[in-house]
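Just passing along the structure, written as structure tokens.
Residue numbering begins at 1 within each chain, and the chains themselves are lettered A, B and C in the order written.
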Amino acid sequence: MSDVARTARPPTDWNAAPMQRRIRRRYAAERRFRLLGLAALLLSAGFLVFLLATVATNGLSGFSWMFLTGSDATEPARVGIWGALKGSLLTMAVTFALAFPIGVLTAIYLEEYAPRNRWTDMIEVSINNLAAVPSIIFGLLGLAVFLNFMHLPRSAPLVGGITLALMTMPVIVIAGRNAVKAVPPSIRDAALGVGASRIQVVFHHVLPLALPGILTGTIVGMARALGETAPLLMIGMRAFIASPPGGISDPATVLPVQIFLWSDEASRGFVEKTSAAIVVLLVFLLAMNGIAIYLRNKFERRW
Amino acid sequence: MAFWPIALLIAGLGLVAWLAARAKAAAFARAPQRRAHSLPSYHGWYVALWAAIPALLFLLAWTNLSAGLIRQTVLASPEAAALPDFGLRRQAILGEARGLARGDIEQAFQPQARQLAPVYVDAIRFYSLIGLGVAALIGFAGGGWAYTRVAPAFRARTRVERTVMATLLLASLVAVLTTIGIILSLVVEAARFFAAVSPAEFLFGLNWSPQTAIRADQAGSSGAFGAIPLFWGTIFIGAIIAMLVAIPLGLMSAIYLTEYARPVVRRWMKPILEILAGVPTVVYGYFAALTVAPAVRDFGLMLGLPASSESALAAGLVMGIMIIPFVSSMADDSIAAVPQAMRDGSLAMGATTSETIRKVLVPAALPGVVGGVLLAVSRAIGETMIVVMAAGLAANLTLNPFESVTTVTTQIVMLLTGDQEFDSPKTLAAFALGLVLFLVTLALNIIALRVVKKYREAYE
Amino acid sequence: MNALAKTAAPAADAPATPPKMRARGVSVFYGDKKAVADVSVDISKEHVTAFIGPSGCGKSTFLRVFNRMNDTITSARVEGLIELDGEDIYASRMDVVQLRARVGMVFQKPNPFPKSIYENVAYGPRIHGLAAGKGDLDAIVERSLKRAGLWDEVKDRLSESGTALSGGQQQRLCIARAIAVDPEVILMDEPASALDPIATAKIEELIHGLRGRYAIVIVTHNMQQAARVSQRTAFFHLGELVEYGETSEIFTNPKVPRTKDYITGRYG
């Protein structure tokens, strides 16, 4: 050891006044930091409360029988939400019918069967990228491909549903893969051991066990699609529709777009109707998320 | 052709095939001599698939083919002789007649269309019947052939499983097709736009006023497509103002939740933050326009700054609130991923909790946090409704947050809503903007995921 | 057995100077589970004290009582008296931050911060404000690394990341980091269990070198190691202190049959 190592420092005097002052300062900083964190958290939650309270106080007076059963109108007193709600339900039906099977099958393929090669990599990269593409880009895709190239009907839940399905599918795939991955290999081995084929292993054993997780992911994805506005504006679902759509190829509007359209109206009466429509939309979303959380808690399984 | 009768027909055909084949297979499955390779239901599925899939494929091809045949038949009819030879009028009349015949529209403006409509009705019915007939024949033929193959030694399960595998692969191709569809539609339309407007002008021009291009014969019809003010507005709102709100609030919330909060608080506050992420953007937009924007304007005027009712600050603030949960959940993950040993190491030196957080945990978690922020930025610049409703349309190049700016997504919506001609540079510009947006968000995501992945590897 | 443990502690022939740290009747609970039961031990400044015992016997838990690291585990609760220089460290007026600066700790797995080697060592002096200036800090870093026997290996790459070192070097860096705040006691929780034999030998050599300057407590499940580095040994079993005394005594002539069984390899 050299000289530096040998030279002894006087032992630290922790009770010296400067050291005590320093420690008090450090504790003060600690309290400040902690308070700052709490403030940030409360502020973030406060925004949510404020937003919900604003919407609720503005909107609750807008509810009436007519509002719940009617469609769009030019006068705020006569507008209703049923037309848009039905449009949303039809659109969601199309989205679910496409995104759920495709998403689940893709998840199963990638997790259980896909060979490790460039082709599979391409599928995976596509899915991860699609999950991050801004929603409005899907609207551009819908406009260019479904309306201008394939000539599907404009403003229809059919096209809206397909567009949102392309957006929702990656969410379902990612959730589905995680759910399938969580099923322990021992179950696969057990099934293979009694002579089941690889298809039987998946459809008889893995899929039923992964289903709660897949459903949770699906509901979350569907909730996001239900609240989506921008891509539907692109494919013309912003028309003034005075009667509820009869089918998936009729012109229709959806809840979020209806909110957007009413929010643009100058007439004061639309404020309460817009807020009421938001309340309807949020009730649906909260219900869906509630179901997802319930499913997650009920079926969460630790292997 | 109507959708439901066909679906019913095919499903019925399949069901009959399934029942018949299963019954046949069940009969020999009971026989004692030797065990059949596959269970009866697999034989059922095998035959049902053969009955349904070829018929479906034929019908798909037929719907495309028959449109042309129908058109030819109609044009060959004596009623069509009076049609004008070429051009838009001829197309319009045919289109209306078809619409009348299919019940899409109730009235036609062109009198000739009314005469042609019955011809169309006949032709459509004729070809539909042919199509249905042939489809049924193909179904029976396919099903019948498959039925003859049902035998104890026949490996029905293997065949059915091969079909299932093909379906799985097909399903996973949808994602690739969608990606290709997005890239193609953006690139093709953007290329048409760049044929009219030079890319240099688009990317570096300072003047954006596409409104003049409504009619081709108007003076100054080409409009001005310099997108720099849009890019600036997007960055100003999404990458600057929103992040100034979201990063401190999100990061500090995450730190409080992971390092200070009692488990009960954590259990309640995390879902509440998640709800913040689940609120639809149109609701945020409404909130921004109705509540935040007027307050921001008043505040700006109070400061003596030029302030407009639609401001960058209002949109950016609300967008920041929307982004908080993204930043906080990414930060939460990254901080939680820092090994407990780091915390212990620092605390055992006599560091306070906040010193441990600031000097050890946050620096260690920094790559993860940065990745999360990049993802949040990508999310913010792609966000549409808040800016459409609260940021305004004026393409200003300004540093004053109380003034109105416009963004890429706002302009895409404005350019494409309403009934423009699809080929005008104005509508095509939206696709060029979309292409830029797509490339930038893609690049941000790729970089962010790389950073996050590297960071995860460092602790595994 | 408890009665024996109680009498065993003072029986370890009392050193001339008062003990640096004293534990009296210490119990630690995790929720309802008792992990350490009624343990009394004296830690003297002159000696290296080893805690041995089969895994899960509570020796590591007990070690963490001496610098209150158990505070970081919400479910953990400590009963009994622990003194540092006659001062109750669980008293409300005791400052945890100061306590941990005076009672340093080295962990089982090397845990250098993801910072440069220099920053790792300078961390403690910085937060406690021990260095008068840049030059002073440099000197502290150099002295600490030298005492930890790492200086010659890293003096040319002080700005490289501490995590880039080998496992043994990382552990010596952690020891240098602990030394840098000039603690009075160093607690080592199985400091060599994650290391290869050569690195382990270096750590043991280092502990020899540090003896006398700091009171050192080392937890180990390796009996040879305890025999090599320590002068006092405490044997724990099932949360209880079975026997405490001179290391040579414990290893050659254990008084309690359980200690003998463990040392002769009958279980553990």
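Assume contacts are C-beta pairs under 8 Å (C-beta built on N, C-alpha and C of every residue); 3 or more make two chains touch, one makes a residue touch a chain.
Note that the structure is a prediction, hence the values are computed from the model and not measured.
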Chain ID, smallest distance between chain and overall C-alpha centroids: A
B-C against A-C, pair bridged by the larger set of C-beta contacts: B-C
Distance between the centres, which are taken as Cα means, of chain B and chain A, whole angstrom: 13
Distance from the mean Cα position of chain C to that of chain B, given in whole angstrom: 59
Distance between the centres, which are taken as Cα means, of chain C and chain A, whole angstrom: 50
Multi-chain contact sites of chain A, meaning residues that touch two or more partners: 26-27
Residues of chain C whose C-beta touches two or more other chains: 97-98, 101-102, 127-128, 181
Numbers and ranges of chain B residues touching at least 2 other chains: 352, 355
Touching residues on chain A, where the partner in the complex is chain B: 26-27, 29-30, 33-34, 36-41, 43-45, 47-48, 51, 54-55, 101-102, 105-106, 108-110, 113-114, 122-123, 126-130, 132-138, 140-141, 143-145, 148, 166, 169-170, 173, 197-199, 223-224, 226-230, 233-234, 238, 256-257, 259-260, 263, 271, 274-275, 278, 281-282, 285-286, 289, 293
Partner chain A, residues of chain B touching it in the complex: 157, 161, 164-165, 167-169, 171-176, 178-179, 181-182, 185-186, 188-189, 248-253, 255-257, 259-261, 269, 271-273, 275-276, 278-287, 289-291, 321, 324-325, 328, 352-355, 357-358, 375, 378-379, 381-385, 388-389, 409, 412-413, 416-417, 422, 430-431, 434, 437-438, 441-442, 445, 449
Chain B contact footprint on chain C (complex, rising order): 67, 69, 72, 74, 96-102, 104-105, 107, 109, 111-115, 123-124, 127-128, 163, 174, 177-178, 181
Footprint of chain A on chain C - complex, ascending: 95, 97-98, 101-102, 127-130, 139-140, 142-143, 146-147, 181-182, 184
Complex interface listing, chain A residues touching chain C: 1-2, 4-5, 7, 9, 11-12, 14, 19, 22-23, 26-27
